[in-house]
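Paired with chain B in one complex and with chain C in the other, chain A is shared by the two complexes that follow.
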Partner chain A sequence: MTTYETIIGLEVHTELQTDSKIFCSCSTRFGQQPNTQCCPVCLGLPGALPVLNRQVAELALRLCLATDCSITPVTRFDRKNYFYPDLPKAYQISQLHEPIGRNGQLCLKDFPERVVRIHEIHMEEDAGKLTHDPWSDQSLVDYNRCGVPLLEIVSEPDLRSAEEALDYLATLRKLLMFLGVSDCRMEQGSLRADVNVSVRKTGTQALGTRTEMKNMNSFKAIGRAIIHESQRQIDLLNEGGMILQETRRWDENKEMSFAMRSKENAQDYRYFPDPDLPPVKLDKAWIDRVRQNMPERPEQKQSRYQHEWRLSAYEAEQLTDEPFLASLLEQTIACGANPADVSSWILGEWLQACRSGNCDASDLSVQPESLAKLLEMIRNNVITRTTARSVFTYMLDHQIDPESYVREHGLAMVNDLDDLKQMVASVLEASEQSVKDYLAGKEKAKTYLIGQVMRKSRGKANPAHVNKLVEELLEQHRQP
Partner chain B sequence: MQLTELSAWQLGDLIRKKEIRALDAAEAVVAEIKTKNEKLNAFLSYDEAVIRSQAEGVQEKLDAGQVLSPLAGVPMAVKDNISTRLYPTTCASDMLQGYLPPYDATVIENLQQAGAVITGKTNMDEFAMGCSTETSFRGPALNPWNQGHTPGGSSGGSAAAVAAGLSWYALGSDTGGSIRQPSAYCNLTGLKPSYGLVSRYGLIAYASSLDQIGPMARSARDCAAVMDCITSQDSKDSTSSDHSTAFKASCYEATTGFNISLKGRKIALPEQALAQVDPAVRRAVSETAAVFKDLGADIVPFDLPYQDASVPVYYLIACAEASGNLARYDGVQYGRQPDNGHEMDLTAFYEHNRSAGFGKEVKRRLMLGTFVLSSGYYDAWYLKALKMRRMIIDSYNEMMRGIDAVLMPVTPSAAPPLYQHEDDPLARYISDTFTVDANLTGRPAIAFPCGINAGGLPVGAQLTGHLLADDILLGLVHAYQTQTSHHEKRPSSARKGEPA
Partner chain C sequence: MSEAKNDELVSREVISRIAKLARLDLDDNEQNTYEHDLETILDHFKKINVYDTKQVEPAYHPHDYENKLREDDAKPSRPPQDWLALAKQVKDGCYMVPKAVE
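And then the complex of A and B:
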């Protein structure tokens, strides 16, 4: 039977993390009242003119540099003309002829041999948002998103499987977030991807006819859409059919794709240079400045954590999974905490708190200074790790200074050997059976007894002392 | 003293010296507009109460000792494609009937700061596409010199208003001659400034890379005073020049000196251009050259570069840009929607609204522009036009080395009768031969009166200068106007109080 190879290219749209829109000074904040973040420019009022927000070009430059793109010395904007109610000017300002960057590359994480070439990176403006109101049977337009800056990152057809495509997306997403280019929140639409899929007989060189898949709202959906589409094409070819070059819309609920109307496929956008926007000169001085202010990339951080702070490869990778964790780590260490302590606390207690609270890591409001203080109290034997956990839980909902909190609530560790001895003695007295079990050789009984002592001290007993005392006293029981 | 016969700066002078109150000037112009506009159709909108309250506001500031500008308190008119909060801004199109902009164009803000009293919005060709105001949704304006003739266009309403004494000066916009041609037809001085010198923010775009706002007035000196008010570097217009401050300093100076000598100035006269025009125009322009010579200038020969290409290149580029600029008028935010709109699919809805809302000439140009940008035609038409434009710019740069200005007719003839070429667009387009180069090259060009033909209609001449050297042009024409009186002639209908 003939085997096929799947060829995938991605067009990723990402919303830039700027305060204001690409061609006016309106805010880009998400989730505001409809049509409250608009002005004559982004509403496309007659006579209004666009002025480029330089921050957009700077963030775009960051990504271009980080993906080894060659920078277009004089980049230009073009108008993409089409009619749609969410597009108030009836054209989108985009870049066709002279995009800001070309010929870059991105290395995948789990497929290290695969280097994905980036065809181009270009800047453009977002359109508004249409919602259909079923009650009034009317379509409503919210122009808040009009003019929000986007980057489109177009890859070459260098990917060969859904796994590779998802790896590419995850790697790109991480890079965008660490560079401060985008927060990449898919649920807010700040990262979207269209996928070009074609198949060819294994061993052949010529590319098959490709289709473009749209409307995938999650990584999962993208993976499913690729698998589905490549199978559809293979089945079609095996039946002797032909692939049509078309745009297909993915329906996540039905797990199927549908060809869009041919009219939508035959769009002629009549691109031409936007006469309202002079070409943008990206001179060496500007590029150098952007290069100098370039945030550290995730893989750079990862290796620094391993070498400078002696974290394990696993820890370093986990901590560079998202910028928040990395910055929490770095800031807490900067406040004087021990790197190993911070790392284990973040990957342990912090993430656990997020899982049980069902929230993002960055949603916890504990400040690095407080966390550092808490961890230092453990390291200096001021409190036990158990106490620290409960203080931390309290800190999630309260702005407190952990040191004063421990002091005021008498949570400091009990180190006094006489006090502890008394406590252990009374526990052993009350747990005759466990003592017998231990003496009969059941090691587990000791753990239970230690637990009882800790409980009795409400977690404050110095665990090392307790361990030692329990062993000592148990041994005394052995000799009648 | 007939107030309406004064020039703008003369009136401004009297107001500044408190010899006349701003309100008196406003009342005088309101009376004139009320008597004559119904016939002339120069204004699409004006409002007596709004005029008076502006005049009172300016007077208060003057009385409080504020220094505004030499034109403070002088009533003026604005072409209807420049956004104003005071008056609807419709581009003389059905598509924008009732549209009241929520913001003012930068030139309007500048004028208001200078103490201008804005009387109203003037008639024009629909979306500035035309050369006669015949394409106006509200019908054409008439030429005050002869009401059977066009005042020109597209800024014809502004020209008619100033020529008829309904305004002391007006703003027009010029994409391919729309300030200069009506100025010539109505015996006015009109400047198409260097591209970028005057902000386009708020000017409803026809062709963005060619459009410029500029003054239309009774003398170069008035034009200079207006330029002084409207010029500014505007952070809201990316194509705005940073030269405006330097320019403001020099332009007023250029037209206020006496004993103007043009010794050392070189003015080029393209003989081949003169060969193509009416004898009356040829004679008037030749005489103009002689006056410049008497003033001390050297008159040197010149060949207009790529003369046959200019008009086609202009229309290809202008229409292409317009097809994008006017796409937003689709019935969703502007224009009329059909009653059964909800039964239509989106394409049918757009087709209906755009077919119903635009006039014939606008549709013609939008279709042309859409065509030349279409896939398969872009390279052959639009891209080729852009390359030609580059070549025209380069040859002007080359050929104008050492030359201060090129002297030419504005149009091949004086104002034609209304509707002369209604069914022959090509014949109309070809009359733009002498005006489009300034727009294609971004160079400043000024039209000024140089005689009256046998039919009693004015004839204009034109000087094209160097980019951002608008002050030189104003100075040259001012020098000419100190020696001649063509610019002082008024149509008989402009006499005060007489119905037009």
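And then the complex of A and C:
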């Protein structure tokens, strides 16, 4: 039986993290009342003149440099013409002839041998949002998103499986977030992908006819869509059929894709240089300045955490999963806490609190200074980890200084040997059966007894002392 | 752009379709005027098409300047009613248009 190879190329659209739109001063804030962030420029009223937002060029340069693109010395904007109600000007300002970056690359995380070539990166404006109104059977248009800056990152068809495509997306997403280019909130549409899929007989070189699925905004859907689309094409070829070059729509609920429009019906966008916007010259001084102010990339952070702070590869990877965790780690260490302590607390207690509260890591309001103080109290044997956990839980809802809180509530660790001895003795007295079990050789009984002492001390007893005292007193029971 | 296509482009049907999409009410006289004007413009391009411009750097922009940029400062927008008032139909703060779902 013939075997096939799947070929995938991705066009990723990402909304930039700017305050204002790409060509006017309207706000880019998400989720506001419809049409409240509009002006003559983004509404395409006659006579309005677009002016490029400097930060858009800066963020685009950042991404181009981080993906080893060659920078176009003089970059320009073109008009892409089409009639559709989400686009009031009837053209989108984009870049066709001189995109800001070309010929870049991105290395995948789990497929180290696969280097994905980036064909180009270009700047453009987002379109408005259409919703269907079932009452009037008409469409409603909100132009708030119109003119929000986008970068389109076009890969070469270098990906060979759904797993590789998802790796590419995850790697790119992380890079965009750490560079401060985009918040990449997929549920808000700030990262979307057009997925191009074709198949060819294994061992052959020529690319097969491709189909495109547009505007996909969840990793899960993209993975499923690629698997289904490549299988659909293989089945079709095996039955002696032909692949049509067309745009298909992926229906996540039905787990099927449907033909939308074929190449014959494809639009002619009548691209031409936009006469409203002068060219943007990216000289060496500008590029050097962007390069110098480039935020640290996730993989650079990972290796620094391992070398400078002796964290494990696993910890370093987890802590660079999102910019917030990395910055929490760095700031808490900068407040004087021990790196290993901070790492273990963030990956343990902090993330646990997020899971129980069903929230994002950045939703917890504990400040790095307070976390550092809490961790230093554990390190200096002022409180036990158990006490620290309950103080931390309290800190989630209250602005407190953990040191004064511990002092005022008498939560300091009990180190006094006489006090502890008394506590242990009374526990052993009350747990006759466990003592017998231990003496009969059941080690587990000791753990239970230690637990009882800790409980009696409300978590404050010095665990090392308790361990030692329980052992000593149990041995005394052994002697007649 | 080929010559044959130029002739098709300025047909009466094209003029009335563009007018409809742009919500322009053109009477017969006006349609004639635009048909004539557009033909003149396209004829002009036909003349330019005679020349071989393969080696010529395109004039991307009419003016000789670059890097006209603004800082990333968001400013409050005017009330949406100012713009919604220009539309033929509105609903719930949105512009209402004929059903457009792909």
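Just so we're on the same page, the second predicted complex is superposed on the first by the 470 of 480 C-alpha atoms of A that agree within 3 Å, B and C clash if a C-alpha of one lies under 4 Å from a C-alpha of the other, contacts with A are read in each partner's own complex, and residues count from 1 in each chain.
In this text, a contact is a pair of C-beta atoms (placed from the backbone, for glycine too) under 8 Å apart; a residue touches a chain by one contact, two chains touch by 3 or more.
These figures come from a predicted structure and were not determined experimentally.
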Partners on chain A (chain B, chain C) - clash or fit: clash
Chain B versus chain C as contact partner of A:Leu52, first or second or both or neither: both
Chain A residues touched - chain C or chain B, whichever exceeds: C
First, second, both or neither for A:Ser155, with chain B first and chain C second: neither
Which of chain B and chain C A:Pro278 touches, first, second, both or neither: both
Chain B versus chain C as contact partner of A:Ser198, first or second or both or neither: neither
First (chain B), second (chain C), both or neither touched by A:Gly44: first
Touching partner for A:Asp133 - first (chain B), second (chain C), both, neither: second
Touching partner for A:Phe83 - first (chain B), second (chain C), both, neither: both
Touching partner for A:Asn462 - first (chain B), second (chain C), both, neither: neither
Partner chain in contact with A:Arg270 - chain B first, chain C second, else both or neither: first
Chain A residues contacted in one complex by chain B, in the other by chain C: 45, 51-52, 83-85, 137, 275, 277-278
Contact set on chain A toward chain C in their complex: 18-20, 25-29, 33-39, 43, 45, 51-57, 74, 76, 83-86, 130-133, 136-143, 249, 260-261, 273, 275, 277-281
Chain A residues within the chain B interface of the complex: 40, 44-52, 79, 81, 83-85, 88-91, 137, 263, 268, 270-272, 275-278
Of chain B, residues touching chain A in the complex: 81-83, 89, 91, 96, 99, 101-103, 105, 200-205, 207-209, 235-239, 320-321, 323-324, 327-328, 330, 332-334, 342, 346-347, 350, 370, 373-375, 378, 382
Residues on chain C engaged by chain A in the complex (per definition of touch): 21, 58, 60-63, 65-80, 83-84, 86, 89, 91-102
